[in-house]
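Going by the order they are written in, the chains are A, B, C and D; count residues from 1 in each one.
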Amino acid sequence: MPDATGLELIAQELRRAEGAEEGASAGSPVIETLFFRGRGTLLVEPGRIRAVLAHLRSRGYAFMSSLHGVDHHPHEPRLGVVYELLDMQRVDRITVKLALASDAPEVDSVTDEWPTADHQEREVYDMFGVVFRGHPDLRRILMPEDYEGHPQRRDFPIGGEPVIFTYNERQSLGSAE
Amino acid sequence: MLRSYLPAIVFLILGGAVGGAFAVLNSVIGPRRATPHKQDPYECGLPSEVKRGMRFGISFYLIAMLFILFDIEVVFLYPIAVELRAYGSYALLETIVFIVLLFVAFAYVWRRGALEWR
Amino acid sequence: MSPTGQATPGTSPSMSDYRRREQSITLSSVEEQLDQASTEELLTLNFGPHHPATHGVLRLLVTLQGEIVREIKPIIGYVHTGIEKTAEDKAYWKVIPVIERMDYLSYYFNAYAYCGAVETLLEVEVPKRAQYLRVIHMELNRIMSHLVWLGTSALDLGAISMFWYCFREREKILDLFEMSSGQRMHTRYFQVGGVIEDIPSGFAHKLNGLLEEMPSRIDQYGALLNSNEIVLQRLRGICPLDAQTLLSLGVTGPLLRAAGNPWDLRKADPYCSYEDFDFKIPVGTVGDNYDRYACRLAEMYESVKIVQQALDGLPEGPHITEDRKVALPPRHELATSMEALIHHFKLVTEGFRVPPGEVYFPIESPRGELGCFVRSDGSSKPARVHMRDPSFVNLQSFSHMAKGAYIADLIATLAMLDPILGGIDR
Amino acid sequence: MKRELLGPPGTGLGGRVDPDVLRVRNLNARQLLRGGDLEGPNPSAHLEGADFERHVEESVMTTTLEKAVAWARSNSFFPATFGLACCAIEMMSIVAARVDVARFGFEAFRASPRQADLLILSGRVSIKMAPIVRRIYDQMLEPKWAISMGACCSSTGVFNNYALVPADKFMPIDVHVPGCPPRPEALMHGVLKLRKMVQDDPDMGWRERYDARGTEEVIPTVGGLGGVDAFQEPAAVSVPPEGDTAGA
């Protein structure tokens, strides 16, 4: 696992490599680095995710094991997308996170670089409503085609039937009909 | 003369009766309830979209014809194979001619590549 | 989400709007994408949710040209149970039974991936004996999962009797699970911090009996299928996929190892004291269906060896962590000590609180890398639980494998892919 | 050949329970669920005359031919495999050697609904799958029965959330097998209960042992010609009800 200093080195490298490329104005792609329970996480600018992933791939993290969504509901920007990268030669894992505002959850799709992200991005779109620009076939994957709403969001009601107990038998029967 | 055929006739009658019973019994006892959904073609639980005028590929028909051709050939060989000694050497010669003829057809079909699935 | 306009021909007007909307994935759209140059008639069929050979409710939109498969679009979600949403609504230790029902053939792996993630968050040290017990149950579960796969896949290829042999062994393994935890499937034996109870006295004896006869049984399966002419015709050289494409598609597990890449998390990144055991990783060469079959069969031998070593080297000591904030105190302690009562009450009512943070905990399940991502916001309920299911990612490689093959090969390849729809749809 | 009943109907003192009383009590139980009042002058007035006649006529075993047919049917069910989730694995193991369902004639698991007359719903029915299950059930030929195996199918079991639909919401179920997943022996017990139900002497189980008459909650169907469906609750999933339900 990249230890704390290793993570900082990577972040530094990213800032220099991306900073030089984008020109000084764009600022560094890495917003924050976090070293938690022996695992390194890079919080990245949503706009530059493709460049960061390409850079990490050149550093050896060639296998993307997982791409999934997170909802930090009360705290804005709310919709997070997590990319778990793995370097099979050095058995080294690194996590790249980005956070999107809930009013414009748009981010570039990485399916052309990383084919494994195809269904996983469709699932994040289906469950959280994050639109991946450039995804070949962005349709709902788990819910029915015409389902309204994104169920995995924190403010989506969990649904289900009220269990009929004796105390709410009359009134819940009425509502359950 | 009829006596010697009796077993065959009884066998035919019994076969016909039992077969017929199974066919008829179903419509007599089984309840009938035609609903629109039951008429739909079954396609793994989804409304089927196979269009009516769907034509199958030519290869299916080719394979079917070739199968019938060579299957009938085998059917003709059965009676001979059972009683070859009774028919004497003439039957053996006849069978060989029969098989050689069909073998020519088989070689032609094989060379033309009709057996591979295109 | 653009339902393709007009209702498909032949749908009666009385059909409900849901049914009309449900057909928004009309099949004609798939046909246009294919080049129409081919004179042959293209037929698009639903290899649908209710099909004996799809190993669950997987729907494949298959476009056929005669017998040859030209295009496959897997459509999933037919057994989506919203497990990750339900997990956010329960206390940490109540999530285990919900998580176990995801990939319903490897329930010990689901439970361990989740418990591992929560233990990493809590920084709880699991005692050695609990780790060994977990390895024993996980490897037995791997054998059972491969047995069900072998039974149903041989059924797909026509070897019906294999089904009865494999389920005979499966019953023995489930007896052991029942002995240690009281139930055959979804046993909730793993707790956060260890296992719920120590194994009963007769367990070791019965397990030794099973381990003695298991290799000979696997030899019997091999004798039946390895050099069987039909199996060779159906599997050898059919739908191969090289390791590089598999890696780019994120495939792990027996599929990747069959293609020659010996990536196995138990060896590469040992967890739960796997480093104490000596076992080998079966690796294929070509990566076709026969290699996938042979790899899983060989894995069963290795699992038997692991369980044997784990059982012999089972250390003494507690079966669950001593930290009373996480694990329930034993019953007899409740009568005597006051703080045990308080801990018990606190755990049972509200459950333990987990410090805020995010963890991704990957392990090697029978189908590949099973990673559990748990995010906690400091309360006693997880804020997000996501399972990176191997079948979900492996399914993406299926269309690469089976395009251009015959329909019969499509069924054989789907059987060798071993998808579990509970894990795919979560 | 209507069976006599010792006590007045509804008091449950009789030896064998007369099916139409059972039928009425079952419908009343449903009326209760729907909030109808049971204490009215005539408890069976909830059903209109013709409708009530049809139920009684269909559910009472009249001729010996039908009794023989019911015996033949109940001993040779062809289950349509509907393996949805974990219960499917336990359903597969009732076909295996230990708990062998072939002893009762249930072994021929048919894949297509045309050749099946029993639908074993084993697993969770999601809202995406519900119309498909309903369509398969409609495409099965009469007489047909349905067993809902496991808690998820009977009542969304462990996952009471947005994604699951209990099978009772959109199709009539004859036997509910509890368990998650139910043991193979439990499913076998459910199958045998259905067998006796089809032979028109419903196995009262513990009610017989402890003579606890009158405690039947809901026995959806009695009678040889398969279940007769009386309830028309609106389905959670807007599935067109025109497909007929079980039985005659």
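Observations
Please note the rule applied: contacts are C-beta pairs under 8 Å (C-beta built on N, C-alpha and C of every residue); 3 or more make two chains touch, one makes a residue touch a chain.
Worth saying up front: this structure is predicted, and the values here are computed from it rather than measured.
Note on connectivity: the fewest steps through touching chains from subunit B to subunit C is 1. With A-D and B-D as the two chain pairs, more C-beta contacts join B-D.
With centres computed from Cα atoms alone, the innermost chain of the structure is C. Inter-chain centre distance (subunit A to subunit D, centres taken as mean C-alpha positions): 46 Å. Mean C-alpha positions place subunit B and subunit D at a centre distance of 42 Å. Here the spacing of subunit C and subunit D, counted between their Cα centres, is 33 Å. Each chain gets one centre point, the mean of its Cα atoms, and the points for subunit A and subunit C are 23 Å apart.
Shared contact sites, meaning residues of subunit B that touch two or more other chains, fall at 36, 45-47. Counting only residues that touch two or more partner chains, subunit C has 18-19, 22, 48-51, 77, 80, 82, 85-86, 89, 425. Looking at subunit D, residues 128, 132, 136, 159-164, 242 sit in touch with two or more other chains.
Chains touching one another form the pairs A-C, A-D, B-C, B-D, C-D. The part of subunit A that touches subunit D in the complex is made up of residues 143-144, 151, 156-161, 163, 170, 173-174, 177. Residues of subunit B that touch subunit D in their complex: 29-33, 35-38, 40, 42, 45-47.
Looking at the complex, you find that subunit C touches subunit A at residues 1, 3, 18, 21-22, 24-25, 76-77, 80, 82, 84-86, 88-89, 120-121, 123, 247-252, 263, 268-269, 357-360, 362, 369, 371, 373, 375, 383-384, 386, 388, 392-393, 395-396, 425-426.
Here subunit A touches subunit C in the complex through residues 36-37, 39, 41, 62-66, 68-72, 82, 84, 88, 91, 93, 95, 114-120, 123, 127, 139-146, 151-152, 154, 156, 158, going by the rule given at the top. By the touch rule above, subunit D contacts subunit C in their complex via residues 81-86, 88-90, 92-93, 95-98, 111, 123-124, 126, 128-129, 131-132, 136, 152, 158-164, 180-181, 183, 237-240, 242.
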